[in-house]
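Structures incoming, each one as structure tokens.
There are two complexes below, and they share chain A, which is joined by chain B in the first and by chain C in the second.
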Partner chain A sequence: MQTTEILVIGGGPAGLSAALEAASLGADVTVLDSDLKLGGQLIKQTHKFFGSKAEYAGTRGFEIANFLFDEIEKYKTLGKLKVFTNTTATGYYKEDGVVSYMVGEEKYGRIKPQKLVFATGAQERLIPFVNNDMPGVYGAGAIQTLMNVYGIVPGEKVLMIGAGNIGLIVSYQLMQAGIKIAGIVEAMPKIGGYWVHAAKIRRLGVPIYLQHTIKEALGNNVVEGAVIQEVNNCFQPVGDPMEVECDTICLAVGLTPTCELLWSAGCEMKFVPQLCGYVARRDPMMRTSHPDIWVAGDAAGIEEASAAMVEGRIAGLSAVASLNHVSQETFYDRSAEYHQRLENLRAGEVGEKIRSGLSCVCCKQWG
Partner chain B sequence: MSIKLIKDHPILDFGHEEKKMVTFTFDNKEMKGFEDDPIAAALHANGIQVYRITPKTERPRGFFCAIGKCSSCFMIVDGVPNVRTCVTPLKAGMKVETQKGRGVLKSEEGEER
Partner chain C sequence: MPDKDNDIVVCRCEEITLGEIREWIARGYDSLEELKRVIRVGMGPCQGRGCRDIVIREICKMTGKSYEEVAPGTFRPPTKPVKLGLIKSEEVE
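What follows is the complex of A and B.
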């Protein structure tokens, strides 16, 4: 059976950062990612990031991913890092700590790591409406994959469901790609995303239907339109249903952490609405209740890529330290720097939800 | 049928010109797509949106999550059922078929179910 010191599951910004940190400290690292390309959600982001210099503010998401890839190549050449794409981790076996995986659809393998970092990211949420399973109803991530990764037109006219940051950003990206937006539907009485994103959309004349929801996707085999309706403060439909012309419905109604493997590993889990679902309890170094398992990124709670990368660094550092590969000085220096960066990212009003969510799942130290 | 690609993008360069175009079949119809793009993406570019028909209620399903998690885009590829076409690379000569129902493994063919 294959072995590795550190196995990182998921090659998005969190997983790649964990792998780079661990490899930079001399550990032998393996990364598995189910996708055909590395980088997770980050390679689909065409807008410039916010925040500070240390977190690549002003740089576009996919360019940040390219920086990570360059570093990954460096450690691959040094023989410290192995990366497998189109390889899905399918199970964790508590009895012996073995991870099973699938290469493509029909080849299987097993690997026994000493330490594990779960950085499996998130999954799109679905909301109930008539025909929500019809082809043409796509998740926001899927629309981004088609248009931003492969340059394929996802549809001619898109109705966006959700006016949070993702709904707003993806609407703008669609327009950049020359695709029409039929409108943005949002159940809340106000826009959830940052005003900069909303302002760009408004300027382009896209209608934003606040306090509205989607009732039905119309069409025979594929989407040919949609019915939306106003809702009151209790989300009860009021007023007349309205038909909207569109051939694609994009769901941007939130993400939820991908945590199946954490459940099967027996990590202590908790439902935390502020982090958007079930997440693993962890200490400040991102170590779960299972002493050999760490979490990082959206899998540990939905946040954003900048925090995901720092969490990855912390998880990687701590995992290697548990193998006694790190001097105390390096450990304390790096740990202090990373925690300071996280604190900066989570400061102020925007970080409030995350901070309150984290206070429910973070323990000082595993006893 | 023409392939629906994004031509002028203010930020991204997809490198479509440098990619290798290959021929594959969808339900025995010849189509073209870029080698190593996900099968589901190549089909979408050809205007195909229905990838399978569900077993019980016989509803059409297509692309949905694009990260190999949701099972909406399962198809039969080169005789293998339940292939996640959103994370399976397209190769020249591939035989891609709409999956109706649960799919039958080669080893089960002819068995009673």
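What follows is the complex of A and C.
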């Protein structure tokens, strides 16, 4: 069986940052990613990031991924880092701490790490409506992959469900690709995403239907339209259903942390609505109730890539420190810097939801 | 009036509709573990990734329980279907 000091599951912004941090401190690191290409959601993000210089403000997501890849290559050359793409972690066995994995669907193996960072990201939520299994209904992530990774447009006229940042950004990107947006449907009484994104879309004349939901996809074999309806504050339908012409329905109704492995590892889990689902309880260094397991990024609660990268750094630092590879001085210096950066990212009104969510799952230290 | 929503396929792996799920919750099978046993919802190749959340929300609506009061079930490996032949073929060092 293979062995490694640190195993990072997930090669998105959080996982790559954890791996780089650990490799920079001299640890022997292995990264598994289920996708063909590293980078997670970053590689399909064509918009510029907000925040400060330290968090790549003004840089587009896929360019940030390229910076991470350059660094990854450096540590691979030094022999400190191994990366396996197209490799899914299929199980964590708490009896012996072994992780099983599958390469594509052709090869199966096992690896025994000393410490683990779970950076398994998020999965898209699906909502029930009539014919939601018809071709032409997509998740927003799938549409971003088609357009921004493979250069394929999904259709000609898209109805967007969800006015959070993903719904707004993907709508704008679709319009940049010459596709019409039939409208944006949002069940809440107000737009969930940033005003700057919503304003760009409204200026282009796209209607945003607040307090509306999708009831049905219309069509024989493929989507040819949709039925939407107004809802009240309890999300009960009111008013008359309305038909909208479209050939594609894009669901951007939220993400939820991917946490199957954390559950099967026996980590203490808690449902936190502000973090969009069940998440692992953790200390300030992202260590879970399982002493050999850390979490980082969306798997630890839905936030955004800048915070995910800093959380990855913290998890990587703490995991290596637990192997006694880090001097106290380096540990305290880096830890203080990363926590300061996280605090800056989560400051102000926009960070309020995250801060209240974290207050439900963070413990000072494990007793 | 027949509710069209009852025809929505919630668990695509096992082809379980919203109507079937509602029917069994109404009969008192109002936990995910029980529903898994009686109608195999969430027991297919994706192991509930696509439907768990929808089923839990339906249980909440019909029983008045809050989301965290409905246990999300037990998570066991593998997270993705693995052919038994592959496990057998693993090179053991």
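Everything that follows uses one rule, which is that the second predicted complex is superposed on the first by the 367 of 367 C-alpha atoms of A that agree within 3 Å, B and C clash if a C-alpha of one lies under 4 Å from a C-alpha of the other, contacts with A are read in each partner's own complex, and residues count from 1 in each chain.
Rule of thumb we're sticking to: a residue touches a chain if its C-beta (ideal position, glycine included) is under 8 Å from a C-beta of that chain, and two chains touch if they have at least 3 such contacts.
On a predicted model such as this, the values are computed, not experimentally measured, just so you know.
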{"item": "Which superposed partner A:G136 touches (first chain B, second chain C, both, neither)", "value": "first"}
{"item": "Touching partner for A:P13 - first (chain B), second (chain C), both, neither", "value": "neither"}
{"item": "First (chain B), second (chain C), both or neither touched by A:F271", "value": "second"}
{"item": "Touching partner for A:R60 - first (chain B), second (chain C), both, neither", "value": "first"}
{"item": "First (chain B), second (chain C), both or neither touched by A:R125", "value": "second"}
{"item": "Partner chain in contact with A:G104 - chain B first, chain C second, else both or neither", "value": "first"}
{"item": "Partner chain(s) touched by A:Y93 [first = chain B, second = chain C, both, neither]", "value": "second"}
{"item": "Contacts of A:L146 with chain B and chain C, given as first, second, both or neither", "value": "first"}
{"item": "Partner chain in contact with A:M1 - chain B first, chain C second, else both or neither", "value": "second"}
{"item": "Overlap of the chain B and chain C footprints on chain A, listed as residue numbers", "value": "88, 105-106, 123, 133"}
{"item": "Sites on chain B touched by chain A in the complex", "value": "4-12, 14, 16, 34, 36-38, 41, 44-45, 49-51, 59-70, 72, 77, 80, 82-84, 86-89"}
{"item": "Chain B-touching residues of chain A, taken from the complex the two chains share", "value": "34-36, 46, 60, 62, 86, 88, 104-106, 121, 123-124, 133-139, 141-142, 145-148, 150-154, 176-178, 221-222, 258"}
{"item": "Contact set on chain A toward chain C in their complex", "value": "1, 88-93, 100, 102, 105-110, 123, 125-130, 132-133, 216, 256, 260-261, 263-264, 271, 273, 277-278"}
{"item": "Residues of chain C touching chain A in the complex", "value": "4-5, 7-10, 12, 18, 47, 49-51, 53-54, 67-68, 72, 74-80, 82-83, 86-87, 89-93"}
